[in-house]
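First subunit A sits with subunit B, and in the next complex the same chain sits with subunit C.
What follows is the complex of A and B.
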């Protein structure tokens, strides 16, 4: 067995443990665990049209998760994907507002540029603080998430407010139909092509460029990379910027595609799920693509459960959280189990 | 003036209890990002417990037991399964938020807010305008002081700090760092149960889904801002509450002239600034932490 296979197997074992914990919680709360898992699987993959819905959630998650993977690879614990995602959406919305009336072939690329820049800038300051003064990026990016959330509430209730909106939740004016890149179902050729481009670019970056190799090495052993003459500083900052730009891209897609407008606190778990995807995929780009489909399925099941099965969507939150609890675990016991497999193989 | 102080104490007390939970974990070397989850478990259990059992003491007991169990689960995953504390903590937070929503739906058949007939016992008319506050508010300064004594003046506290800063040194004097962390997280669980109960049952006597609204993370920010010193962190938490209370007041007085959301951002900006400054003052760059342990090569 290769090391890669062992690590995939280990990940799977901990996911099974996490699901078992979920089962216990469901049962304890008075639901049938089997029924719950059955409904989740049905909502995610086995009802008619489920795959389209799952992909709709999977593609933006994949883009953010690919970025998270880059910064984790380089050894920076950037947990600010949520904030970078919001800033991307906010900057794209401002650009759309500013260029409103211009032809779509001008507005759409400009919004994408603005969104990616916004996301990258929201990753830039934690990156600079980290590399200049050693300020812990876990704290700065976490605080950045809250700041971005407040900024989103502020712009949707202030500068971008839709005056015709009802008082319930402030949201921005809807994006003109000509500028939308998908309908509200959220799966369009444009989005698929963008995700595919990101996948190819990230795979090449990680596996076929000096940057990717050095960044991965820097994550494991910065001293060695420094001795080999690479600039850890530049590698680190680039990885922050790339992860921010991709989260911003995902924010732009959610704004210009399925959502079509900004609302205060929209998609509040996007960043956390993306971090989870990157970790479950063990930071590999190909793995991230597959794992995204799984978590995209869970995200679409969260909408399906309360409406079609009469079950609370909190079940999905619990499944995600339990996987988070266990996914970085390493256990001597599990490794011994795997070692037994290795001897017999 | 009194009503401002009452408002600050009401919003500050839950935050300070949870901050103390973060402080004791931080001292033991665990960045506890599960505070938010523990706090919502405390808040939910306190109200639901009062409704179901009709007894405040019983509800509090259940809240403490559940928070301690959740903390032990976090300890097990971090210490025994060597999971990354930050991801595991965020996982516990999600488990708390999701689990409480699920439990409320299961027990009451809807996700609507739950109202309890009574809450935490109040101080009473003997305290004049402060009589509306709960007994947990009065106990709070003593809890902070007790935490300071525990962490800075007892053998246990010193061993706890050693376990966090230099586990090898702790082991050399016969302390078991892993067990010290368990103790720290259990103490934290009790404090989060009290903080959550005060939030839900201290004045409003109502539990609503996700009512902690990021207070657990704000407590974590207070821990960092106060450099994990019990009194420093308590004042940081108090500062955050003052900013929040002033933000609401400023909005009442000046309307939209002072953007409320931007005032609410002050604590987070202050935390970033504080962390940056403390790094500058200590000098030197943080050695790049390879998060190599996240991956298997």
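What follows is the complex of A and C.
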């Protein structure tokens, strides 16, 4: 337990260091650092209605990040969450278009099934390439992101194009109100229940099944589980599929909930923020939930900053980037910090 | 003694809270062969690394030829003529053998072609009986071949003091004889040779003087070998307290004291016991890890320990991987515990009673960055369905019980496997693999790197498993170990069975079979 606590603390250390760094940068750029932090905190959590906004961003991010955590645990660096998220949204949109007119209790589950399948398929081919011929999944999933982005542009400008669109941005026809799972504020009981179900299912999978223990062993040392008689490809491919399906689920939620339609290039950083969340949370499911709320808060503050504080919303991207920088440097950096602490203690 | 070739004064080295060497003062006379002995963890390797400038001691000084040398500087030690051949893993993995040889010879920045390098170094390697294609990359070679290249590499440099860290561990009996011959020739040329050894028999066969380390302290030395008996030396190595607790045969095997011929069968396998391993005519293809198995047949009865002897790289690893279904068998049949598993994956072979203590404890045996309980429960978890529910608290509790029953020293079951010492790590593997349902236990180099206490523990566990009716396949490069606990020894050469021997063993005959020399 203490070990887990320490690892969460470690994650927090990065955020603190990253925020301090951003403060320095903003101070030099002529803004008040303290004022910025104040506005971020207000925009994320303290202004009226801020919590709803933060959760609206946090829940889909959590779902994608939980999936990312599964594949990272198993030792596969699936950074294709963004593409899998898009594929989920695209497949759900096609299903909604195809079943348009059918009753909601048919259409909504069908869209979820289509979205999760789409996301899983977009993780399947990099998984197969990796496990069959050792192709580096970092490269394939990254390429998959670009392909999915282009596919999204194509379907919104082609097969699913809204003929009455303004032409500024290609997008699909709005989803009929009966099929929406939330209004455009984006927080509804349905979404909360889905996120809660994902949280419980993933926690059980990681902590209470043989799969969880074996995948984590395989992630740290595949040779050892092979000598124990595991079929490594089964563990690996399931991790790929689960992470893809969850990203697809988040894409479906964004399409059927707050967005209500597909737009070319919508939410372009969703998948990458989710990767960041999984890393800050050290791949723990409970940690991912908390860290998602923090990043959801940042996302919500990003919309608030320009209006209320006269700050560019890119400030949030700088904060995200700074956190990413420290997280990727984490092993060496913090271990050294902690070692210094021990020596002086 | 004026101007000793190498002298340490009051050298102390600490790794964290562990004292690797404490106050060691020792001087080696010029132009002699000196042995430094001690069990694993006694500080032999640390001593060698201090002498070669790889480790900077916390206190003490180092003199070479009477000149004080700055400690902790490889360059200075080299310039003074000290060369160290490491136990393993010091060659650049991506180099070819020929490149590694050239790299060690410090010839400067001339331009070479690969084939020129190969032509230059092939004879040198051959003359040292290192049988390797100079075109192959170091990383593709077994550790043992790499060490052979290391020895060849240091013998190229103009060394005045040559330190060999456990050079005999990987050689066949005749290879050892050849190495000793070479060492004697070097001595006759005036080179001072310091051999780190752990076998008394070898010390007495080659060295002029012997020094004994135990627990980081110098017990005695250098003492002229002519003045000391094997029995006294054995006691100095293990310490009088441990010497009393070891079974007589184990003490001899652990210190390499006993004449191998003295081993006699002390166990009789019932003649009608069933076969737990029945391997018939198995052939594989060769790969990076070793030669192909060629039409290999091997049987093990319940309640029998069969030892596999052989120079490393003669198919022992392939044999284990063939039994574990980690290499494809081209022909032949395989049955474990009476169940035909020729076409079965490892999971089903394990279900039939196969257990494996693999060669590489830290990669194949354990996941070092995972917790003890995860490592311990892996085998069991793989025998149920992937999505079956587990209760971590109960697994941890059972792991606690199992590890305590195997007297593993650890703090909690949540600690990383990498935090354990070699002996304790091996006990975790034993606790996992030697269970009540085991029918055939493959123990591949199970005592490598362990101290005498842990080694005796492993041997005792294997004997107990045999007495319960398990069959054991023991692969070892240590003939004393094989002779001490095997009921039968099979020699492998180039992927084939080159001979089968039973007690009393004749080391000459076994050695001849290992090298393919017919007697």
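Points to keep in mind about this one:
Note that in this section the second predicted complex is superposed on the first by the 327 of 345 C-alpha atoms of A that agree within 3 Å, B and C clash if a C-alpha of one lies under 4 Å from a C-alpha of the other, contacts with A are read in each partner's own complex, and residues count from 1 in each chain.
Everything below uses one rule, namely that a contact is a pair of C-beta atoms (placed from the backbone, for glycine too) under 8 Å apart; a residue touches a chain by one contact, two chains touch by 3 or more.
This one's a predicted model, so the numbers in the text were calculated from it and none came from an experiment.
Partners subunit B and subunit C, brought together by superposition on subunit A, fit side by side with no clash.
Judged by the touch definition given at the top, the superposed model places A:201 against neither subunit B nor subunit C. More residues of subunit A are in touch with B than with the other of subunit B and subunit C.
Shared-chain residue A:124: touches no atom of subunit B or subunit C.
In the superposed pair of complexes, A:234 makes contact with subunit C only, with no contact to subunit B.
With both structures placed on the common chain, the touch criterion links A:9 to neither subunit B nor subunit C.
Contact with subunit C, but none with subunit B, is seen for A:213 once the two complexes are overlaid on the shared chain.
In the superposition on chain A, A:224 makes contact with subunit C only, not with subunit B.
Annotation: superposed on chain A, subunit B and subunit C show a minimal Cα-Cα gap of 5 Å.
In the superposition on chain A, the residues of subunit A touched by subunit B in one structure and by subunit C in the other are 3, 220-221. In the complex of the two chains, the subunit C residues touching subunit A come out as 324, 326, 345-347, 349-350, 356, 358, 360, 363-370, 374-375, 377-379, 381-382, 384-392, 414. Residues of subunit B that touch subunit A in their complex: 31, 33, 73-74, 77, 80-84, 86-88, 90-95, 97-99, 101-103, 105-107, 111, 214, 217, 220-221, 224, 256, 259, 261-262, 264-265, 268-269, 271-272, 275-276, 279-280, 284-286, 288-292, 294-297. By the touch criterion given at the top, residues 3, 207-214, 216-217, 220-221, 223-231, 234-235, 238 of subunit A touch subunit C in their complex.
Within the complex formed with subunit B, the subunit A residues making contact are 3, 6-7, 10, 25-26, 29-31, 72, 75-77, 79, 129-130, 133-136, 138-140, 142-144, 146-147, 150-151, 153-154, 157-158, 218-222, 232, 236, 272, 275, 279, 282-283, 312, 314-318, 320-331.
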